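Here's the structure we're looking at; comments come further down.
Labels for the chains are A, B, C and D, by order of writing; each one numbers its residues from 1.
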Amino acid sequence: MNPYSVILGNLGNTCDRFLSTGYKEPLDKALMVRQAASIPGVKGIELVGTWDIDERNVLEMKKLLGDAGLRCASIIPDVFGQKKWGRGSFTSRDAAIRADAVATTKAMVDVAVELGCGLVNLWPGQDGYDYALATDYIEERSWLLSGLQEVAAYAEGKKVRLALEYKVKEPRNHSYLARAADTLLVAAQCGEHVGITIDTGHAFMAGENVAEMIALLSLSGNRLFHLHCNDNHGAWDDDMIAGSVRLVEYFEMLYWLRRTGYAGWYSIDQYPYREDGHGAVEASVLFIQRLEATLDRVGLAAVEALLAKRDPIATARFVRERLLA
Amino acid sequence: MNPYSVILGNLGNTCDRFLSTGYKEPLDKALMVRQAASIPGVKGIELVGTWDIDERNVLEMKKLLGDAGLRCASIIPDVFGQKKWGRGSFTSRDAAIRADAVATTKAMVDVAVELGCGLVNLWPGQDGYDYALATDYIEERSWLLSGLQEVAAYAEGKKVRLALEYKVKEPRNHSYLARAADTLLVAAQCGEHVGITIDTGHAFMAGENVAEMIALLSLSGNRLFHLHCNDNHGAWDDDMIAGSVRLVEYFEMLYWLRRTGYAGWYSIDQYPYREDGHGAVEASVLFIQRLEATLDRVGLAAVEALLAKRDPIATARFVRERLLA
Amino acid sequence: MNPYSVILGNLGNTCDRFLSTGYKEPLDKALMVRQAASIPGVKGIELVGTWDIDERNVLEMKKLLGDAGLRCASIIPDVFGQKKWGRGSFTSRDAAIRADAVATTKAMVDVAVELGCGLVNLWPGQDGYDYALATDYIEERSWLLSGLQEVAAYAEGKKVRLALEYKVKEPRNHSYLARAADTLLVAAQCGEHVGITIDTGHAFMAGENVAEMIALLSLSGNRLFHLHCNDNHGAWDDDMIAGSVRLVEYFEMLYWLRRTGYAGWYSIDQYPYREDGHGAVEASVLFIQRLEATLDRVGLAAVEALLAKRDPIATARFVRERLLA
Amino acid sequence: MNPYSVILGNLGNTCDRFLSTGYKEPLDKALMVRQAASIPGVKGIELVGTWDIDERNVLEMKKLLGDAGLRCASIIPDVFGQKKWGRGSFTSRDAAIRADAVATTKAMVDVAVELGCGLVNLWPGQDGYDYALATDYIEERSWLLSGLQEVAAYAEGKKVRLALEYKVKEPRNHSYLARAADTLLVAAQCGEHVGITIDTGHAFMAGENVAEMIALLSLSGNRLFHLHCNDNHGAWDDDMIAGSVRLVEYFEMLYWLRRTGYAGWYSIDQYPYREDGHGAVEASVLFIQRLEATLDRVGLAAVEALLAKRDPIATARFVRERLLA
């Protein structure tokens, strides 16, 4: 059974461009950690640089997690949430900013080590572009690759794995790490300990079928390192409760995670703008656990036999008889 | 309990632009009618002009349906499937074609009367445009409106209701009857006996929430006259088995159909390109019936109470506890 | 020649959900007003409630605009940018919030009068929903309509026109005022002095062709009251410089604005997150002016003759010969 | 200056699922070849297996092309347009079909050799899936890879290059060769003489920026082998005249083709359902030639200097001053 984790900020206040103060009130970090720990199955927390963790509060956070019986599931370096990163972190025109992105990520590798955490989840969200005919893609992709190779080498020395998280757009209109396959191309040039994070919502909005991407990453050297779970309506990263929109695709995904031997976290990554954060995260966990239980009951072999039929009518029967009330 | 129906061609061979002969073999119409009749709950058939029905085979078709114990649920005039309609039917530049579209539709009203069917489902699929800066929208929309008003007047005299089916694109890059609200604007200018057909897949690909559109049409003078059921991945009219993609939205839709007193058909409209047509149609019917049974068990009042909470966390619990195995 | 205007905040700092402090530094409002005034053709400013204007700074803003030789093009009431509106303004479950939305809008009508401005642009951006099966659409749409009718009656008494701005999603996953036609249905129930604002980017992301919507609103009682100009990549409200993506559609739109006698503002509404605000707004104005000059040179009659051909090959020739260098 | 080519069928009759006879009348192949030859700059023809070319008419086609002064630009094996391919060609469950796909492609390699053509453009359009939870992705992707490796080995022996054409969906709801990067992953496992075809419309509908993909393929071992040109509205493969929708993206693409030293064909691939085929193809060629002439005038260095600014405002000025009339 894979352990569940939560990105800490999911439990707190969240804003958008029209309401920059956020829709709710800020919550105390200690309370958020306790809330996470109270959800059955949750064993870990992901921490975002600057927002949740920096060099100064490592010990405090270590204690908070320890007291709650939680591990640090990953560190997400902040290379996207400050003004200086606005026109790119690893791909900034400004060499000093690029160096800063590398240094920031290395520092987060160190923090990960201190927290006993073996995974850094790197989302270079500002590395992309907005307008056509305004960017030198070869130069920027080269900067991106060399920067990632440098942090990858550092992480390898510290025995920390690096998971690159892709997203097709937002906050940039086009991202360099946009989809599973292009991110895999980059990871493959960074070493065996560099892999991919699938954020289910990012994949849905890119038009990917998550299950197929899990299979693809498995075929490409077991490169699926981490998983962020949420749901959306298909056109945008709505960051909703898992299962609010998709049932069959979620079940299929869980099957492929098992079949390909994914041993990592099932981490919840939502933006419950207007909902109670604790309740929304718990709802995602409970939905996935429910499908996991069904999968246990049904068995991998039965699903494999279903897939072998390649018959959508048989699949529809399976959905009615095994997934629905 | 609403009766189910099937568009006859769903059970036969279907083609696309790369395989114009179709993916399967043609089936005998009599067999297709018997297959439809064998699906529990199916009480009616929709017939497409030219493809299934014309002035010459009315009696034959009447007998076929009668022998199978089925009613004609609607007639769908062919104003889209012949070369002459390629650049528009009601909006063709050629006045003779426009007159032909009107005459064709009137003839199908007569056929409906002969078959004891009170509904013509009109989909002017070729009435739209492909390129920007190549169409006079005011002229074409005026032609569309006057043509529809003429057939509406004729249908009223024959006591036949007219349901306008909308679709945002395909076969044209932009359709005039594109979404629920713009089609309602047109229907409202045609009389009380002119309403709307929601094809669930057309609505999904337009980014509409079907349940909200049902509510909107109810608020606008009970203008939902007919319903075509299928599913898709959101970007295109994939015409898949109902429930292959969406669960919560389908359940919500069924609730709103009941709450607003929709008394029409639940008609299946798919394109099972590679699947057995009979099996694919049956799978859609069985999925909807399963959700209908759940709705019966839960009761409308319980759903209304849930909606009153406006709390996605409560909704997620409802989905887990009432919809899932 | 229609006058140009700018939403004041376009010239200042803009944030998103990952960078709530914004990508740039805040600018002084007086400077922003002067920057707007320095753009050739710009004669007006749109002011957003709370952000730019409230009951206390009306005289100050009046003087700022007057000194710069600018008019107030519209007031945009803040019914979306404070925590209290987060779960809806006109459609909040809380009757006090709904009353507040009405009162806020009425107050902005009064402010408009004081500023000598005849237009309130109302965007009820929080009035929508995020999840299926979590909302009573009939109840909420009824609240929306009665609230809008109340502010419409008030505005009529003050001789202020009301323009309803639609947007298919963001900040809610589904908005009630989503597209041109559904918003027209609402406006038509509010009176002759209530019309529509087309934000070009909102229309693009809804899959609408703006030119056709201009024709539709013209046919529906000249209901196009206001226009917000920007561009995007089609999938989201990227709020980019006009013309960054679309050329032919923009030219077509300008033709239809002239043909239908649109006499309102060409207002710029962008989010230049990382660009110089002044330069980005000016770039939009200059692009539109360039196409306007081409349209003057070509003449409306020549475009009408082109449209009458309904021939995309002729259109492609026109684009090459008249629009391109 | 790169030579232009045309897919022969673009000039003939085209159908869709609602009008399987096509919107126009069939044309004589010899006439279509002469029409292609009459378009300035067109030096080649692409031939689709079964539709245009098979083992029996090679000499006849060779003479037709020779008489018209045209070369064969590529052969496109028919692994998508017959009933037997309907559930997959290289990924069919049926080993005999998979073997047939391999044999068919090898035969087309031989035909290419006979026609003096060094390029086979392989689009395995039926290799994908429609429904979630109905396919074994690992098995099918393995079949796909081994089949492609077999035909690649054969082509290498014949000194024929293989270009894999990707498309995100249609005719399947999900394709295996869906986007540039995932297709590159496959090509890289097939040898140096296997590369990628970018169909601009396929890339647009996948949300890719074509210029960036050209840069990516250049960085990945010069894997761009072939180019299919057309345009669309972003949501679907509308197969329209180039430049009907996009200007800036097309100009950017031409710059990157030059900068990366692309030496292949500019091939036109449209579906002029309702337009004169000859005129529609010519319109695409003329649009691209017009932008090419502008690029010549401006010079690569000036564009590179613009890109170095990374300033969308400077880009907007460039568009106004250099691209627009």
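Simple rule for what comes next: contacts are C-beta pairs under 8 Å (C-beta built on N, C-alpha and C of every residue); 3 or more make two chains touch, one makes a residue touch a chain.
Note that the structure is predicted; figures quoted are calculated from it, not measured.
*Asks:* What chain is the most remote from chain C, judged by the mean position of CA atoms in each chain?
*Replies:* Centre of mass proxy via C-alpha means gives D as farthest from chain C.
*Asks:* Centroid of chain B to centroid of chain D, CA atoms only: how many Å?
*Replies:* 36
*Asks:* Determine the centre-to-centre distance between chain C and chain D, using the mean Cα coordinates as centres, and give it in whole Å.
*Replies:* 40
*Asks:* Spell out, as numbers or ranges, the residues of chain A touching 2 or more other chains.
*Replies:* 87, 130-132, 169, 207, 233, 235, 240-241, 244-245, 248-249, 311-312, 315, 319
*Asks:* Based on the touch definition given at the start, go ahead and assign the chain network to line, ring, star, complete or other.
*Replies:* Topology of the interface graph: complete, with all chain pairs in contact.
*Asks:* Taking the touch rule as given, give the residues of chain D at its contact with chain A in the complex, in rising order.
*Replies:* Contacts found on chain D: 87, 93, 129-138, 141-142, 168-169, 174, 179-182, 184-185, 206-207, 209, 211-212, 215-216, 218-220, 248-249, 251-252, 255-256, 303-304, 306-312, 314-315, 318-319.
*Asks:* Quick one: in the complex, what on chain C touches chain A?
*Replies:* Touch list, chain C to chain A: 14-24, 80-83, 86-87, 125, 130-132, 169-171, 173, 233, 235-236, 238, 240-241, 244-245, 271, 273-274.
*Asks:* Over in the complex, which chain C residues touch chain D? Could you list them?
*Replies:* 207, 233-235, 240-241, 243-249, 275-276, 279-280, 282-284, 286-287, 290-291, 294, 311-313, 315-317, 319-320, 322-325
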